Amino acid sequence: MIGLTHYLVLSAILFSIGVVGVIRRKNLLMLFFATEIMLNAANVAFAAISSYYNDLSGQMFAFFIVAIAASEVAVGLGLLILLYKKYGTLDLDHYTMLKG
Amino acid sequence: MDGYIIGTIIKAVLILAIISALAGFGTYIERKVLAFMQRRLGPMHVGPYGLLQLVADGIKLFTKEDFIPSGANRLIFMIAPMITAATAFIALAAVPMLPEFTLFGVTVRPIVADINIGILFVLGMMAAGLYGPLLAGMAQDNKWGLLGAARTAIQFLSYEVVTGLSILAPIMIVGSLSLIDFNNYQSGGIGDWLIWKQPLAFILFLIAGFAETNRTPFDLLEHEAEVVSGYATEYSGMRWGMFFIGEYTNMITIGFLASLVFLGGFNSWGFLPGGIAIILKVSFFFFLMLWVRASWPHIRPDQLMWLCWKVLMPLAVINVTLTGLVMMF
Amino acid sequence: METFAFYLFAILITGLFAVTVMSRNLLYAMTSLAAGMVLISGLFFILGADFLGVVQLIVYVGAVMALYAFGMMFFDATGVIKEKNGSPFLVFLLGGMTAVLLVVIFAAPVIGHNVPSLYPPVAGADNPHAVGLVLFTKYLVPFEVAAVMLLVAMIAGIILAGKKMERSISKIDDSELETSGGKDDE
Amino acid sequence: MSLEQFKNRNVGTQNYRMLDLEPTPETGWGRFKRVAKRAVKLELFTGLKVTFREMIKALFGGEMHTVKYPFEKLPISPRYRAIHEMKRLLESGHYRCIGCGLCEKICISDCIRMDTRYDENQRKEVSEYTINFGRCIFCGYCAEVCPELAIVHGGRYETASEQRASYALFEDMLTPLDKLAEQKEYPGFGWISPDADEKIKKTPLAY
């Protein structure tokens, strides 16, 4: 039988995958993807806790996370498009103008 | 429990078979109706009245050479048509097709999964269906495909908003998301149909449905005169056939949704039993799509966006607000 | 049945997200991420959070990922990404340590067995009703704040990405195009 | 449809009708008024009505306009430019081509190849003549330039075949000897126009 722990471990693994992505990738779009993975992992944990503790607060937080992801994509994609128009690349290593 | 699973599997297979056959038959009907409206004969020579044309088409689609362009992303190119077909059929899972009937002493409910959020599930699955054309256009190494994919993204994303908002007002009146509840709400004859309470929502839903199924006033995704065939430029054979089946299945789904939500669903209609009534309604919507295709020219992409964001969406929001005010007082 | 569904979904989601993180091809990454999100909505359905599952389908899969895909068309992103990885060993060490740490934390016996349920679902109401009741009473202020945040994000997105939107290319005179030829190509 | 309708090229004598279109409104208020007027007059449904009426007429009135193509064919215009034909001299039956090579020279898609040699009478003789119909765009320049009216465009438009090389040889295009009596002069490209006499002006000799 599947218990809360199963879902939490799954969520932790997914979150770690997101962390690996954030550390490893240099492409800005891939960083956004990794962020989405982490948000989704949190969603899974929230929904599981909400279901097993019989409390709707978890689902509420999941809804707000979805809203945050939606606004993140709106602003972030606009910024990415601007950056790409300006530098012609999305590679983080190229954005080094603040380096002394 | 086992009986339930077996019953569900049987229902799913039946719906898959019947609807894909109907989708094939729909191409024949479309050709015939369009031909008559243009004073032509349409397919005539394969079988009586050209009825076997769809068999011939099927043979042609299956035996046609299936090639993948050398610059394309092979894997994505291959799975994109399956996404279209699969999401179209999954969306049908939450749609009740016919009223309950008894067969060999077993009461059959012709719905694969009666979930209490049925209508949102259908809309969500049709929203996920946009990945078919989108990925197909991006995976093939073709400018027309990319343009088609860009148009897919803007058209489907924009009109999902209108579909959702227009159907929100009926949801508020009925107070449930289950399509069966919608049907039961309108069980009292023609006077109970939701179209009389929500005419604006019905029109908005119909327009958005045309856009979501890529039908003619809004068939920007694969309009031959502008983008060769849009997302389907490089597709041939059975992969292209899957796009086709998905599109026709979506047409049938929109027809069922419109009949169930606004036109009284499968309640018996006068002397007509409910099953025949809903088939008539869906057939009418199917015919309406062909009729409109024969009559109206299609519009430019900027007009499409103008229509969605400056006309339909404000109207939908006003409709929802008015419905809320009327229900409150 | 539920066990089987959970393990199927869990393995598929993990694999798909791993593909997202590891793939050198943006198209593969986007596709597998979207597929993973669809499967996560399946997890929500198993957990009984029907409405959350549908929101995941419509908002995440239907809108957010589609927007990313639309954005990818601006970036010429169908090819292979070249990126330099400084020290893959360090990455996997850090990632692995995070994973181990999180799993240990979550798998450890949680001291939450007697946590009182703050907003239990209303008896007799199905999931959308219960969610609506809680969302519009206890969480009304956060809901409004989220709405304002979405509005702000929408305006910001339009302003960032939509420069020169009022300029219609089809309404420019041909003579003007000829005289200013090449100037627009920045 | 009869051939006369094809031949009638006097634009303006046909029964055309000018549509009384109002000018496109420039201001926002004008546009709104137009939208409102069209919505009230239900102009969209006029289109639906027309197509439905046509369908009823076609189904029950028998007003079908289909030409069952392989079984019945419409006449084509005399100036239609399909597969080339090589003509023969009516008196001797010899082919008209004198091997001047003008058609090869003028061909803009570079699809005509010809080879000539002197025969025993020291006359130029065409030894090889091919047209690559994979490249030909049927522009009609070869027929226009030919001084002997030897190469013309015929009316054979059904050109599906197993091989690309079909129709492409000199012998395939040449009028068969036994059909010489039926050879029709070509009134289209390259042929002098019927009113050529009126168009010719006398060269002024007195300067």
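Per-chain residue numbering starts at 1, and chain names A, B, C and D are given in the order in which the chains are listed.
Everything that follows uses one rule, which is that a residue touches a chain if its C-beta (ideal position, glycine included) is under 8 Å from a C-beta of that chain, and two chains touch if they have at least 3 such contacts.
All values derive from a computational prediction rather than experimental measurement.
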| request: If we define chain centres by averaging CA atoms, which chain lands farthest from chain C? Would you check? | output: D
| Which chain pair is joined by more contacting C-beta pairs, A-C or B-D? | A-C
| field | Geometric centre distance via CA averages, chain D-chain B, whole Å | value | 44
| request: Averaging only over C-alpha atoms, locate the centres of chain A and chain B and give their separation in whole Å. | output: 33
| task | Report the inter-chain centroid distance for chain A and chain C in whole angstrom, where each centroid is the mean of the CA atoms. | result | 7
| field | Centroid distance [mean C-alpha coordinates] between chain C and chain B, Å | value | 26
| remark: Touching at least 2 other chains, the residues of chain C are 51, 63, 67, 72
| field | Residues of chain A touching at least two other chains | value | none
| said: Judged by the touch rule stated earlier, which pairs of chains are there in contact? | reply: A-C, B-C, B-D
| said: For the complex, give me every residue of chain B touching chain D. | reply: 33, 35-41, 44, 291-292, 294-296
| request: Report the residues of chain D in contact with chain B in the complex, numbered from low to high. | output: 44, 47-48, 50-52, 54-55, 57-59, 63-66, 68
| said: List the residues on chain C that touch chain B in their complex, please. | reply: 1, 25, 27-28, 31, 34, 38, 41, 45, 50-51, 54, 57-58, 61-63, 66-67, 69-70, 72-73, 78, 126-128
| What does chain B use to touch chain C in their complex? | 1, 73, 75-76, 79, 115-117, 120-121, 123-125, 127-128, 130-131, 134-135, 138-139, 141, 146, 149-150, 153-154, 156-157, 160, 164, 177
| query | What residues of chain C sit close enough to touch chain A in their complex? | reply | 2-3, 6, 10, 13-14, 17-18, 20-21, 26, 29-30, 33, 36-37, 40, 43-44, 47-49, 51-52, 55-56, 59-60, 63-65, 67-68, 71-72, 74-75, 77, 81-85, 88, 91-92, 94-96, 98-99, 102-103, 105-107, 110, 112, 115, 117-121, 130-131, 134-135, 138-139, 142, 146, 149-150, 152-154, 156-161
